[in-house]
């Protein structure tokens, strides 16, 4: 029931918000996200006692059940989703967008969808939530944001929808090959594993393209920088902090166990793509002037590393992916909030026009530095734990080239330092480029950033807080 | 049987009422009343059919065969007709002076629809199709001040009669091979040349029925006729008629021709692929939403053809779902188009500001047409694709192709959403939106979402 | 006693947190007090622990704090290893650290970022302590990167100057390259030994491991790459001279006395591994000696005092690695110790000079400062004598130990080392003479401002000066003393590796030769510097002044091509090729739509044709199937 | 050669010849007349197959009623000239090729059909007689018979709706000129 | 006469009707060609009726005639109404609706 509530609360709250044509809708949103955060924490602790599940018949004639399951990674991601939405609404507190009630409604709907993706234990239900997450985000990204947001978002939508459709073909195929015509996770896994190697190899791409586009992995990434750049900040956060995890999580849950022979056959190719992506995106990030594009490319690099680790298929890599998904979500949220604050105050994201913010907004710069270093996995920040385990997992992989892959992927941490520090320097240091008088940080921003920084440090110093419960 | 008689009688009543009714509104009122009655009669027939245990009953020397599916489908058809009239009464009234006659023709179309889901004899199929077609020729040309309407009517008439000729040739050859018109009597087991004749006959029937459901390469009439006919009557053609003909199409092939499916499967598969390709790709370039919806209806026909390819029960369930989901959404979309002054995409600009609720329901209709989950359109497509993929073989790749085309369809459906929500403009409405309209749009959207969440509502018990 | 070990890093951390969180409202003197008292506290505890271990070597051991990463087979404890080596380093860090904290009170008095400065400095001490106390490579990596962070923050302390923050950035990135090597080494260790904890790894190694020499060499080289970054060895040394952008006490603490010796510590820590990895060892020795000579050569022609000192540091670090490479781990550690004192002293002295000169660092603007700041002059001289290796001063003994070991390994190392030592003497006395003797060459205004530094600054100078002399006497060579207390203290954890014993006469000879040549060199420098003429450098001198153009080469070879590649990706490849492909598909659909709609030409006749041809083709297909 | 064989070939030749006349003659009136001739030929075939009633009906309904209607319309439009615009030669050739291809494809498939050689031209059997047809029509096929009334009703409405001139319609630009 | 002859004859007439539809521009002639196609079908029906000795096909022919009559009634009405507007029955000028 806990799990159902995790989906229902944002869903209902979202629908209610559409009718709440009043600025107090932000209180409503905050209450809803607080409630779901509390529930997510409860679920997170509850699953220590054993997996918590929910099962109810849905479409018996199809063998589809409303079945939810919060096993380790799902619980972590559900928690992440709840926290991120909470932080978004805190950070957005004093920046109400036009038509705020619609914004809140769509946001909460997307939250329901994303949470559902993480919890679904039934393939059809998973697909449902997969799309339920996508559609509100389409509207969100198209309604609020930069000038070119509409075509850019449209491209994003079509691109991801293409992936979804390919996946749908695979879903039907797998479903028809289950013994009892069921969408249940175990039936699907059995059906997938029973398929011949050749079929698995073909099916692999049908499933993986959907996830690869969502993550995104080179060369399916081109929608991402544009979309991140154009979307409004809360939407960018949703896209990068949680939606990206949908692809990774789905690969972990719905691809690797289901099509093991397909994965074995293609894992080398995917890993190479991931590595190319890491280096490619890092190099691109180095030459960006727009803060959002820089963070966008850096996200591609980070996600590439996580995907690489997934395909290393070692337990430690999987644990690393789990914690790193959480960390990446937290860190990139912090990054976007800071970018939003900068943009809000200076009306530009172009680093050429920024500089010396440290003089006037020291608190903001402190947060920026901390989050930037978390972004490049400095030890005692959360990302270090994650990346350490990822690299270790890749190193332990059975792949014959595992050491080479680890080292090549490791160049990402050097490049990461290059572009992140370059960004910090160009934004925060030097002479003040822009003489507008600015407020340093506001109370709600302090709260949001404090949550993020606290999580960064707590997980960085004592990651057992997660492994102790999930591991 | 009762619904059939009721529809015919109501049609005649409607026709005669033209003499007495002075006001167009009165005709609409009467039509709505009669449609409610018709729906009641249909539901009555359905309960009777269910009480009798769902056994098929044959009537009139096996001319008709009523089973729960056909009765249920007839309920759906009359329900769609009611929804259509409730939403479109105002639009029908402005088309021309003969409002009562238009309604009479609608009832006759329903008679034809009823025949198409209950026929057991090729003759009834033929008559059913003609009873549906002739009123359509008339309705297409009913806006006589508009040259386009006449042009549409004439084009439809010429191509339609041509396809009737082809269909009759098919029926004649089939009779020649089988020695009967009773579709339950066909026996394809025998060897010899006659079987080949039967196949030629079946292929003629395939292409002529493809014409009626606007499948490629017999689709050419569709965009022009849908575009030229008064929008409100296009709605009938694209929804009630199309669903009814599809059910007729499916019955013939599923109940009767399934035993020799390998002989026609490839042809239908090619038609399906072509229909999907032409419908979806051509729709992309359109500037007029009305014309886009015409191409989209071709594209949707491609998906519905899957039910014919599938020749299994899933396909039948899918057909019901598709008929409801597609028709409700299309009725909704065409109704909105009918209300607008400008039928192009630009005409939709800023609709979400002006009529937020209307735009919201339109978005749901479009999402359903695109097959996004949580709307009925998803399950409709899902059942179709699943039923065909379970056949295996090259049809699996046809499913993949269909899904790729579904991606293309998102492009043109979402352009409408794009215009409504994200473009600035003043969408001009010629017919105002009343609260009753809003209620009906809301109900339509609810139906679509309800099916999208729980498809068992319309096909669970079949 | 060692149970209190957690306090040693914790106190500076607390200091950092207090100063860091309340930097806005913290009065300067309170901040200074907190900064100093915490490090002093750590020093006292470290001292107690040091003597505890000295008296009872058995008390050395591991202190487990908590599980850091614990997942499946991977278990990384957050634990401290308290033994002779770490306690010695701990002492250097807290001791020199405290002196420099004290010194900083005076040096940074007028700076707006005073509180922030002390916070950073405390953070550095914390991280450095974690580095040396770690009982496994991962926790060491935490400290390793932590000091990198502190170094980054302190180099870029005056953030308004873009060059300064660039220097910080450069330092961090260069270190990151090394860190990648370090990490790879850690993963290799984890892969082959299943653990990163020293005791477990080294026990396995000692017991005879299954891992091949190749693997051990690989691990050794990887870890050494990490050390190259942190300890500024060729080819990753270029950040250190730039790092002089930070406040001078920072240069003294981080970029001379402590942080840069982390690499030495790492290799000394892992000496058991290196003993079994000859190729890695040789690489270390060659890199070390090359760096020693190369950096010294650059230092010859620098005009910025801090730059000279920086290259000198690089060069001295080279000596340390030479020692490690030839197996003289004691020599390496000994030099770390003595170097910590005299180099800190040199930097602090330079800081005192710069303070007096109002921030001026150019030698050419100084001269004759001796009469204004006597304490600084004398302490600076002591340090110069120590670094130059004048017998009796600490540097002499440590350098001698290294050179003797190098000679034993391979005389070429010795000759190169000697060359470096001579250059060291040259450049050190060059700056000494330029600063303190002769006439003042600065402006009148600067002249008026000249003064001796306050007591908080001179006190550390004096202490360090004493140490610079005295430290040498804890590691006297066998030739001179029966006891080598440093060797004795460290022997439970460290032992030299296969160093051939030189005969007494050879040793005497080497010692004498070094001493003599150094003295001659100093005399020659004195003659040169008396004239104090500065001309445009040409030829070799110009190349030396421009640091052999290494920065420019790196830029051309690495930085520029990568950025060009980035721009190419950004403007052409990503947008036109990858995205172009994606958009191309979309455009193709639209284009074909535009073509396909022409089929619908409005002519019924054409439609009939279409239909009939369609029927004929479908019929043909359908009937072909049957036949 | 038996008479009915000669008649068959004669009537077939006449049917095909007149059919060609329908589509080839430039004057619509001539086309109508050719079509009537074709119908007569087909009726002749009916008689040969002992379907007398249909033969009569064919002549009465088709030739008598429907074709007169056509003729009437043609006269109404004053189309009885030879000046009707023709499609180009190429299109005409294409039409012939397409129609011929359709014919060939189907014939190729059907050429092997039943070789039993049952002679269809004889006077045996009474199914074509009015009595038999009447029974079939009003007994077995009563439903279609009734349904055809619906068809006629809609045709009637159609002719009226389409034919009648519209008056006093409130102008409604949306419907007059859809874009 | 074997049935094949009738099949050939009927198909020939049918094909001629199709050709007529394809090659003529006059809507009335096109319509007449379609009537020719229907008559070809009628002929075939009667032949099969004779072959099997079943009245069904002949009854079917009645209905084809009925439908043809209805279609012609509506069709000619439409053609006439079209003619009223554009004073032509040329199908080539019906091209306002395209693409």
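Read from first to last, the chains carry the letters A, B, C, D and E; within each, the first residue is number 1.
Here is the rule we use: contacts are C-beta pairs under 8 Å (C-beta built on N, C-alpha and C of every residue); 3 or more make two chains touch, one makes a residue touch a chain.
As the structure is a prediction and not an experimental result, all values here were calculated from the model.
Under the touch definition stated at the top, subunit C and subunit E share these contacting partners: B, D. When chain pairs are compared by their number of contacting C-beta pairs, D-E comes first.
Of all chains, the one whose mean C-alpha position sits at the greatest distance from that of subunit A is D. Distance from the centre of subunit E peaks at C, each centre being the average of the chain's Cα atoms.
A comparison of C-alpha centroids places A closest to the centre of the full protein. Put simply, the C-alpha centre of subunit A and that of subunit B have 42 angstrom between them. Subunit A and subunit C have CA centres that are 36 Å apart.
Separating the CA-averaged centres of subunit C and subunit D is a span of 101 Å. Taking the mean of the C-alpha atoms as each chain's centre, subunit A and subunit E sit 65 Å apart. Annotation for subunit E: residues 3, 7, 14, 17-18, 21-22, 25, 30-31, 47, 51, 54, 56, 59, 63, 67, 70-71, 74, 78-79, 81, 91-92, 94, 96-99 touch two or more other chains. In subunit C, the residues that reach two or more other chains under the touch definition are 586, 597, 600, 602, 604-605, 608-609, 612-613, 615, 619, 623, 626. Looking at subunit B, residues 123, 127, 130, 134, 137-138, 141, 144, 148, 153-155, 158, 162, 166, 173, 196, 199-200, 223-224, 227-228, 285, 411 sit in touch with two or more other chains.
By the document's touch criterion, interfaces exist between A-B, A-C, B-C, B-D, B-E, C-D, C-E, D-E. Per the touch definition, subunit C reaches subunit D in the complex via residues 605, 609, 612-613, 615-616, 619-620, 623, 626. Across the interface of their complex, subunit A is touched by residues 317, 367, 372-374, 378, 382, 385-386, 389-390, 396, 399-400, 403-404, 406-407, 410-411, 414, 418, 421-423, 454-456, 460 of subunit B. Taken in their complex, subunit D has these residues touching subunit B: 106, 109-110, 112-115, 139-144, 147-148, 150-151, 153-155, 157-158, 160-162, 164, 166-167, 169-170, 172-179. Taken together, the subunit C residues at the contact with subunit A in this complex read 66-74, 138, 141-146, 149, 152-153, 156, 159-162, 165-166, 168-169, 172-173, 176-177, 179-180, 183-184, 187-188, 190-191, 562-563, 565-567, 569-570, 574-575, 578-579, 581-583, 586.
Contact residues on subunit A toward subunit B in their complex (touch as defined above): 58-61, 127-128, 130-132, 135, 139, 142-143, 150, 154, 157-158, 161-162, 165-166, 168-169, 172-173, 175-176, 206.
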